[in-house]
Amino acid sequence: MRLDGFLQILVPKDKKFFPLFEKAASNLVEISKVLNQTVNEASLEKRKELIKQIEHLEHTGDNISHLIFHELSSTFITPFDREDIHTLAAAIDDVVDNIHGSAKRMELYKVHTITTPMVKLAELILKGAIELNVAIAVLKDMKNIDLIKEACVRINSIENHADDIFDNAIAHLFENEKDAVQIIKHKEILATLETATDKCEDAANVLQSIIVKTT
Amino acid sequence: MRLDGFLQILVPKDKKFFPLFEKAASNLVEISKVLNQTVNEASLEKRKELIKQIEHLEHTGDNISHLIFHELSSTFITPFDREDIHTLAAAIDDVVDNIHGSAKRMELYKVHTITTPMVKLAELILKGAIELNVAIAVLKDMKNIDLIKEACVRINSIENHADDIFDNAIAHLFENEKDAVQIIKHKEILATLETATDKCEDAANVLQSIIVKTT
Amino acid sequence: MRLDGFLQILVPKDKKFFPLFEKAASNLVEISKVLNQTVNEASLEKRKELIKQIEHLEHTGDNISHLIFHELSSTFITPFDREDIHTLAAAIDDVVDNIHGSAKRMELYKVHTITTPMVKLAELILKGAIELNVAIAVLKDMKNIDLIKEACVRINSIENHADDIFDNAIAHLFENEKDAVQIIKHKEILATLETATDKCEDAANVLQSIIVKTT
């Protein structure tokens, strides 16, 4: 146990953070679901509406992060390390931002043909979001730490899987797409989707660090 | 108020940091002004000289950051959170680096035609730099906290504006520029300019975090 | 001396970190050597085998980082600032990741012609790795602090050198390579190699921060 952990025993813990993290995690699941609808939607018009929903959910996520950061600045003693609270909130926010960024680029770059690796990456993002949501729900009472550990292991393997899909998609792009402009557009959308799973893993790393310190 | 905030009341605060931050902020305003001169200069030769000035000011900024980091390592009690001092200095340094990086790339990539979004982004960077400079000037005595808050709100809106300009510039580039190499060059210069406003917002976020903790 | 430095005097210091950092640094030297073999290997088949070795050494590096992070979470008092331990381990890990990333991309993008700037950057990465290895070896007893300082100065100049090579390589690429797809591929491999020297400098910055606090 660390020195600041010892000090924390002496004072009542602040429970305001848990509902905020639960909101952030469920908003992440929601935006991931809409991303999956988007990449599976054939109608360009309906896709446009879904991307507007994604933009709206990104703003919701922003507001939740700001609430967490504000709470962090005004709270004397936090339920776990301040730095971990900050990094966890920032990581969830980064997943959301990259989901929004990938959808925005599809529209902005007029990439109308959604490819298989894009669909697969969107699926992996949703899987990661669901795992994060479960892990954060049990963080509150720390009774089912094994559930957190297992979710983190699965998030790591999701990120490895996303890495492979991304690498192969880029290699395939270089080999089959002759138009350099299309390569630039697709590469950037794929990279943004893959980064979303990286940020998911960052969030899982904070969760692992929190449970190691607490137990 | 946080625990380390409580400890800080007990000891005299170190005031060495404020003049260093003021130097960093005024150097940032200076380099932003030269960037604006550069993107509005028609003569390639004069532009080259201005880019040399930018390079010189980037070195000046580097030296100021190193002084702040060195002061931070050797000072017992700091006027506000060590982490905030470090992040603020690093964020200002990042704005300067991205200004330098964008100017350097214009020369290196032989991008001689400066486009409207580049000029607009340079203007927004200067606006952000001026706001940061004002906010940092009042940080010293914490008497006009509202001035800091208002500057941070404006920096946030500057960054949103820069985001929109960047997104539209990239969409326009993909639609109108047929030469992929030109797209690569312009996209990178625009991205570096836009990142400068992101880093400006990072600095504003630290300022907001400092005033929340102190008041 | 800082407040937490003062507290650390009162308790026995934990020496478990030094052998782990030494392992991380020697693994970094090893992977840098294999990278140099790779970029100097004419046979595509042998190059492929060397890239497999790089992948293996990247996994080894990952395991060492995880051990350091785990140790950090479970250790009451650390030999130097927790944050510095974390940042140092993460920086070494980032150098290794970028070495692996550059080699992986050579294979994945089928970039079979290794250019002079790639070879030069690989040499600079190895030089930086050797300097880091020396500096970390003397960190343990803090008797030869000048050796650490000198290594850090040399790492800074290695990074500046890598910057110049990268900038000139990109300018050369834009001027001489007409195929945009080749530009995209080469630019990304060069950027990944250059980032490895940036991360080397990040590690050196932590070392400098550690010795300033300790002396």
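The first chain written gets the first letter, and so on, giving A, B and C; residue counts start at 1 in each chain.
As a working rule, contacts are C-beta pairs under 8 Å (C-beta built on N, C-alpha and C of every residue); 3 or more make two chains touch, one makes a residue touch a chain.
Computed from a prediction, not measured in an experiment: that's the story for all the values here.
Trainee: Figure out the least number of contact steps between chain B and chain C, where 1 means they touch directly.
Mentor: Graph distance in the chain contact network comes out at 1.
Trainee: Regarding the chain A and chain C pair, does the interface count as same (over half of residue numbers shared) or different (under half shared)?
Mentor: Under half of the interface numbering overlaps between copies: different.
Trainee: What whole-Å value do you get for the distance between chain A and chain C if each is reduced to the mean of its CA atoms?
Mentor: One centre to the other, that is 28 Å.
Trainee: Indicate the residues of chain B shared as contacts by at least two other chains.
Mentor: 180, 184
Trainee: Tell me, which parts of chain C touch chain B in their complex?
Mentor: 1-3, 167, 170-171, 174-175, 178, 180, 183-184, 187, 209, 212-213
Trainee: Residue numbers of chain B touching chain C in their complex, please.
Mentor: Within the complex, chain B touches chain C at residues 7, 69-70, 73-74, 76-77, 104, 108-110, 179-181, 184-185.
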